[in-house]
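Structure below; questions to follow.
Note that the chains are named A, B, C, D, E and F in the order they appear, and that numbering of residues resets to 1 at the start of each chain.
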Amino acid sequence: METKEIYLESLITGTPQEGRELAIKLARKSIAAIQPDSETRKKLRSDYAEDTAKLIASSQVIATEFQTIAMANNFWK
Amino acid sequence: METKEIYLESLITGTPQEGRELAIKLARKSIAAIQPDSETRKKLRSDYAEDTAKLIASSQVIATEFQTIAMANNFWK
Amino acid sequence: METKEIYLESLITGTPQEGRELAIKLARKSIAAIQPDSETRKKLRSDYAEDTAKLIASSQVIATEFQTIAMANNFWK
Amino acid sequence: METKEIYLESLITGTPQEGRELAIKLARKSIAAIQPDSETRKKLRSDYAEDTAKLIASSQVIATEFQTIAMANNFWK
Amino acid sequence: METKEIYLESLITGTPQEGRELAIKLARKSIAAIQPDSETRKKLRSDYAEDTAKLIASSQVIATEFQTIAMANNFWK
Amino acid sequence: METKEIYLESLITGTPQEGRELAIKLARKSIAAIQPDSETRKKLRSDYAEDTAKLIASSQVIATEFQTIAMANNFWK
């Protein structure tokens, strides 16, 4: 069931903005790991992109992933 | 789907208050990344601004983003 | 939409108890940032103060904010 | 609305077990800060003590508060 | 209402696996602290063990407790 | 009720990608610890893999577990 694709080479990014983008990517890859069928995911996507509660819950995942990435990059200081 | 706008130049802010404002901004930008259509977001906004459960869930996202920002700024000490 | 009021001068508090009070204040200010209309907030308040699930969710926000404040104060050691 | 009672003198406890008890106390005090009426809280209590989802959500609050307390005590090492 | 049983002598465990088991135990003890009646808990247990949303929420509590335990053990390095 | 299988020998992984896979494994093992019957889990699995809210909640668990693993590996730096 687990995807064999390598999607995380490193937690280090050049800029905080790239850190945000990596956080979003990691959140999406978790969804893909649990639901590997891309057709099903496409259908679900329209579902959560228009549902406020799910959008907020997704933002929480991104915030948590970003905290890890920010720590890894020593907050880009 | 991902916005190409640079919205996070740095996690460093001058004051804790600015840190709060950055946390709120990051929470909003996550919503925008998942739902890029601003018209749809506008409609959803009125939805969550008057729904207690969603307001609380949004506050949780802000709290998590703020923790990261506060760590980045060594808590403004 | 963002409040211009300065409500967070510092994360440093004299006592752990004051840290709790600051955590509660930050949680409330996040709600106010998303829903700036105080009349609407007043109506919503009675809603969540009598709904167990929302009370617990609010406690989670306070716990997260407090963790940040406690770290900022080196746990008042 | 905020309780003036001092319920948190210190985050330092003698044992991990006392740390758990403090975490539970803090979680309860957050509820009391938002819903100051003890009669209302008593009614709500029977509500969440028999509702699995609310019990689990309360456990999450306790876990977060405990993490803060454990860090404050350097994990009682 | 609080259980007087000592269930947490130490956060230190011999192995990561024992750390997982302690995390699960702590999550369960929180439930017991809020709902001290074991008969009621037994009934609720069958409820959440067959409800996906509650299983996932329980996993979240375990993940948080485990993070604390892992930090206490310096990640068993 | 607790599984006696050793599924966590170490938090140390060779790569960040392996850290993600371990995070997913830990999340799954928590479910298995609470619901030990594999037949029941199989039925529940199809349930959450097609339910957006549950997929997002699962991603949150993975994000939390991954943060712990990333800290254990000093972020693979």
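Side notes on the structure shown:
To be clear about the criterion, a residue touches a chain if its C-beta (ideal position, glycine included) is under 8 Å from a C-beta of that chain, and two chains touch if they have at least 3 such contacts.
All figures in this text were calculated on a predicted structure; none of them were measured in a lab.
Counting only chains that touch, the fewest steps needed to get from subunit A to subunit D is 3. On superposing C-alpha atoms, the copy subunit C sits rotated by 60° relative to subunit D, to the nearest 5. One simple way to say how far apart two chains are is to compare their mean CA positions; for subunit B and subunit E this gives 31 Å. In this assembly, the C-alpha centroid of subunit D lies 27 Å from the C-alpha centroid of subunit F. Each chain gets one centre point, the mean of its Cα atoms, and the points for subunit B and subunit C are 16 Å apart.
Chain contacts: subunit B has residues 48, 53, 57-58, 60, 64, 67, 71 touching two or more partner chains.
Chain contacts in this assembly form a single closed ring in which each chain touches exactly two others. Across the interface of their complex, subunit F is touched by residues 2, 6-12, 26-27, 29-31, 33-35, 40, 44, 47-48, 51, 53-54, 57-58, 60-61, 64-65, 67-68, 71-72 of subunit A. Residue ranges of subunit A in contact with subunit B, taken from their complex: 15-17, 19-21, 24, 48-50, 52-53, 55-60, 62-64, 66-67, 70-71, 75-77.
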